[in-house]
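What follows is chain A paired twice: with chain B in the first complex and chain C in the second.
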Partner chain A sequence: MNRFTADVYQNEYLPADGTEVNAIVTIASAGGAGPTQQAEAAEIVIVDTSGSMSAPRAKINAARDATGAAIDCIRDGVAFAVIAGAETARVVYPKGGSLVPASETTRAEASVAAARLRTDGGTAIGSWLTLARELFATAPGRVCHAILLTDGENQHETPEHLDAVLASCEGRFQCDCRGVGTDWQVSELRRIASALLGTVDIIADPADMASDFRSMIEAAMGKATRSISLRVWTPQGAHVAFVRQVAPTIEELTDRATEVNALTSDYPTGTWGEESRDYHLCINVQPRNLGDEMLCGRASLVEGDEVHGQALIKATWTDDQQLSTRINREVAHYTGQAELADCIQDGLEARKTGDQATATFKLGRAVQLSSESGNDGTLKLLQAVVDVDDAATGTVRLRSQVADADEMALDTRSTKTVRAGPNA
Partner chain B sequence: MTETTALRCVACRAPLLDGDRFCEQCGARLTEEQPEAGACQVCGAAAAIDSDGYCSVCGARERGGIDRIELDLAIAAAVSDRGRVHRRNEDAFQVEVIGDRSVAAVVCDGISSASAGDVAARSAAGAAAMVLAAALADPTRDASTATLEAITAAHDAVEQVPWTTRADRGMPSCTLVAALCRNTEIVVGSVGDSRAYWIDSEGTRLLTVDDSWAQEQVAEGLLTSEQAFRDPRSHAITHWIGADAPDRPPRVAALRPDGPGRLLLCTDGLWNYVPTAAELGELIDALPTGASPAAVARALADIALHRGGRDNITVAVVDIDPS
Partner chain C sequence: MIVVCPSGHRSATTDYCDQCGAPIAITAAPPPATEVLPVVEEVDTSPAARQEPCPGCGARRSGGDRYCEGCGHDFLAPPPAPATWEAVASADRGQFERFAAAGLSFPSDSAERRFALEEAEVRIGRSAGRAGEPAPEIDLASDPEDPGISRLHAILERQQDGTYALRDVGSTNGTTVNDDPNPVGTDAALPLADGDRIRLGAWTTITLRSR
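Take a look at the complex of A and B:
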């Protein structure tokens, strides 16, 4: 039973001498392996307990409640732990340096421990992740997932140290990251979430934390697969220009390839529940003769030794301009969504450095792109940062007063995409 | 070469020697004449062509390569031509002569909106012909039963064809028309819109009924034949060989000729250009007297090519002489 299906959207016609092949590959997982077939899971909740978490006290109170809510959602038998993170990390629950299987008793004990979380000291996220990695290592063979909550910058470690820690954690566990308040760095958490194949978001209001934690755990419990790779074969002489997840969020995968053989590479995609994701593959090929047809890429999902679903990306060279100039709508749509994310991130960066002209241009273009593509969520977030005069032309004015939380929400959610709408 | 070899003729089960191309006992053809298996014609990599028809090294599409295949077995012959428009030939045929006058003939048309239509057609034709050939070697076998078994074998073979999921592509599938010809008995089975005709001194008549939208409209009296064939849906078929085929039996027709005649099997690549039995008869009558089955098949394929060749064209012709 094939639980994955792969569909390809592309214009396979290239003009004479055309070399660039673009395709959107949609991969859908039927999930539904059923609890008995589900890979055994492990879960760690990592809570920032640095001194700043008690300013205001609402933050640590919400974190305690949210941790309790998350623990309540952990399925029986899932190995779990709670880590408190400051300048160093320590295991709050259980005692004894390994994970404990969830049961009514252990969940109750963990909730009591979470309610007693105390704040003190600084922030060294690398040490938290290192402890999580060590704990997960005590439960080999499980599908490992963590939630990381922080409210501040990674001040007590160098970026190089964090990079080294991320490299050591990659592929060991997935981690969803949340920033509470507005004193944390979007780019830093995005880097962690990207490396560990998780999501990143802002929790502007501590009151929303419990429901967010609950939904993260529920999503993690719904994953029915082990870690899966996107396998891409390209013919001799071809070059993968980029491989990018484009829905539900944009994630660059190009630099994360593991070579399988000279023509084949694997890109990490983490675990899958019942869901569907889109990938944009751009492949450069050697041009062939008019009329020639070529297989430019073969994309499949690989879980262990099993290969699921297969998508064929093709090219046919033609002198019929009607065919070769046709732009595939899915490719165009996601090219726009990727540009949208770049425009937002560049625009906000320019705004921070006081480059008003670039910020206005980039955020204006972002308004235009989000409005064209029906990405209403992003358009709404943009409207908190700019006043829109004309969305169609991207004419905007920067707002002088922008709440930090609004700016950070726009930044963290800039990579959220919408699917190509139905044919007009 | 020793007699202990396990090789046996698929048709009559007689023992074979290594390297035999025909069975000494019943004359069945044993080997497929195929080009070197799977070598890429573009980059030269050996055994590189994958099940989707692409080179696993350089990505080149396997050349439809052969534009035309002709087979001449004297009393039976077949021609399959790529046509003028399609880049590949997705039709296939298999014709076997067993003994003096028994013939198994199968013609299939791979469905181009499905994956691997060409592979499906080849697999179906090969599997069905093998069952028919085995039945012909045994005079006690019931011809209609053997024909139904041949079509079941074709279904089984097509279900085994590897394929890939694509939004705009269905499972591998094809049409099939198969004939089992003994001296005094002809049984024709069909699925889809490939056809069989009987041609004798009394004229030419269609033996099969298309499983097609147009045919169903006409059969239900909703449209005239002319109206139906003008509709863009006319060629949509309503039955086929493949894993997702409707669950209904194939159509089977039997014929007991009392004089000599010719059986003709073809894909829609021919009959699209020669829609009526009468016109087909006229075209054959116009050929030189005593034209061989091979000459008839070749001439008809050329006429379809000349009239446009928009589809692959396959024609098989069998001489029947019950005397």
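Take a look at the complex of A and C:
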């Protein structure tokens, strides 16, 4: 079952005494598994029903519709449930404390229950996730996915409590997070989505919620694998400086390593559909003699005991500066995309704290980087926050009036990257 | 298939060493008909295992085996006549610092290993642990394994007067004696005296002693 292919982009030539090896590893999954081969799935929709969801009423109305739309997309046989979250969590459907297989009947019943969602109380996201984890535990062996919708920040429990809940949920299920309106915290939802290997985004207009829910469920139903890890081997004396997913979004994986043996670690990547992702690996090695070649890393994907695809990251030491000073195009591109995400987040943070100079500099640099790399989506979002005088030099002016939704959209989508273009 | 990389690591991957990342030339792959498993020091806690170490190579006697698994020594044979020369191998920090190999650490707990010089030709090396392949008389493949030593590294040759002379046989990392930085040649044997120290590999010093 060779559904994964791996390609490496790097300059393997290092100068004498050079120790840092950078490589972009592109991993593509061909999909290819028919429905019969697909892993058994489980799906939970978690809807915020705190009091604020009815201010305005359009939010809870949209949430009811979106939940119904999501339920309609759940494939026959997939075990599912709907959770309503406030300062505690409650199973809205089904009754009886476990998941129920999707069928025409159960989907219709769930839609009726979703249409009756009522709003009351506060927000304690940790309790919602805990209930989801308990429900998923009743369907062992399934690939578990959840959608979490909220409109506010986590007020009724401490950040430490949420951290503990996330730790207990990691690896149990994946969770895509959506914030509706502008009263939720981007950093908080990003933290949840990152820990649970999901996406995070803003739904500025409740009217867009149903289509977004539908596409999230469809993406989840298209995942044909169980949870997959990126396995990285490095030689004796080497040190992994970082492992970072760089496309389609930036995700730091360095701190999430699970040691397999002294030389090998696994990094979580979640489930895969028919898609392609890029990873930036930076490895520090002990220098060897001029002319020596060395394997600095072996990257592969591991699904259960099965190892798919393989990418070899190499180094050759040379005194030919023509070779050793060349920076690989893909490595340069993604180094820029990572800096772009940092600049946006730092710039918005500075803007919030009133540090105009830092905000102008960082967001200016972000404009320059997104323009250079052809990241038009991000550039467009930046233009809602700054007026661009000259994109090439990063000369910008902060806008005095910025809609909250525009700022949050820029923040949530700051980690979205583009691939290295042919002329980038 | 297990292959051996140029630095002497046993590697389960055949393209690059799974220890140090060095490229492995396909021609260097050994031709074992059956897969060679890594040498595992089995910890046998049975009463029979608590027997004397092999006088030939120091390996633990496994159960009631008559012959030593390490060197073929016959445990039931009458003890050999006392050797007049012996070689004492030990881990030497000075040699380790001179060798300064990247990625290696100095073995923390290594005992001296004593080898009686009984043959006219005593080979120094590091066995691959393969069946049917004779191990060198002075085998530095374990306790601890010195990866800087070649399979067949050097030979001690008995001279007319009963002393030994040293000849490097084309080792990868060379051999020196005492504090002379010049490596021992492969063509002419260098006569050794009591107390001479042979330095080789990443950390090994072999001291020659007359008894």
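Throughout what follows, the second predicted complex is superposed on the first by the 421 of 424 C-alpha atoms of A that agree within 3 Å, B and C clash if a C-alpha of one lies under 4 Å from a C-alpha of the other, contacts with A are read in each partner's own complex, and residues count from 1 in each chain.
Note that a contact is a pair of C-beta atoms (placed from the backbone, for glycine too) under 8 Å apart; a residue touches a chain by one contact, two chains touch by 3 or more.
Because the structure is predicted, anything quoted here is derived from the model rather than measured.
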Legend entry - Superposed partners chain B and chain C on chain A - clash or fit: clash
Inset, instruction - Examine A:H156 and indicate which partner it touches, taking first as chain B and second as chain C; both and neither are also allowed. - result: neither
Legend entry - Which of chain B and chain C A:G237 touches, first, second, both or neither: both
Inset, instruction - Pick one for A:R399: touches chain B only (first), chain C only (second), both, or neither. - result: neither
Legend entry - Contacts of A:A311 with chain B and chain C, given as first, second, both or neither: first
Legend entry - Partner chain in contact with A:L295 - chain B first, chain C second, else both or neither: both
Legend entry - Residues of chain A touched, compared between chain B and chain C (which is higher): B
Legend entry - Which superposed partner A:R226 touches (first chain B, second chain C, both, neither): neither
Inset, instruction - Check whether A:P287 is in contact with chain B, with chain C, with both or with neither, and answer first, second, both or neither. - result: second
Inset, instruction - Report, in rising order, the residues of chain A that make contact with chain B in one complex and with chain C in the other. - result: 233-238, 263, 285, 288, 292-296, 312
Legend entry - Parts of chain B lying in touch with chain A, wherever the complex brings them together: 43, 52, 54-61, 87, 164-167
Inset, instruction - Flag every residue of chain C that touches chain A in the complex, lowest number first. - result: 13, 15-23, 102-104
Legend entry - Of all residues in chain A, those that touch chain C in their complex: 233-238, 263, 285-288, 292-296, 298, 312
Legend entry - chain B contact footprint on chain A (complex, rising order): 2, 5-9, 26, 233-238, 263, 285, 288, 291-296, 309-312
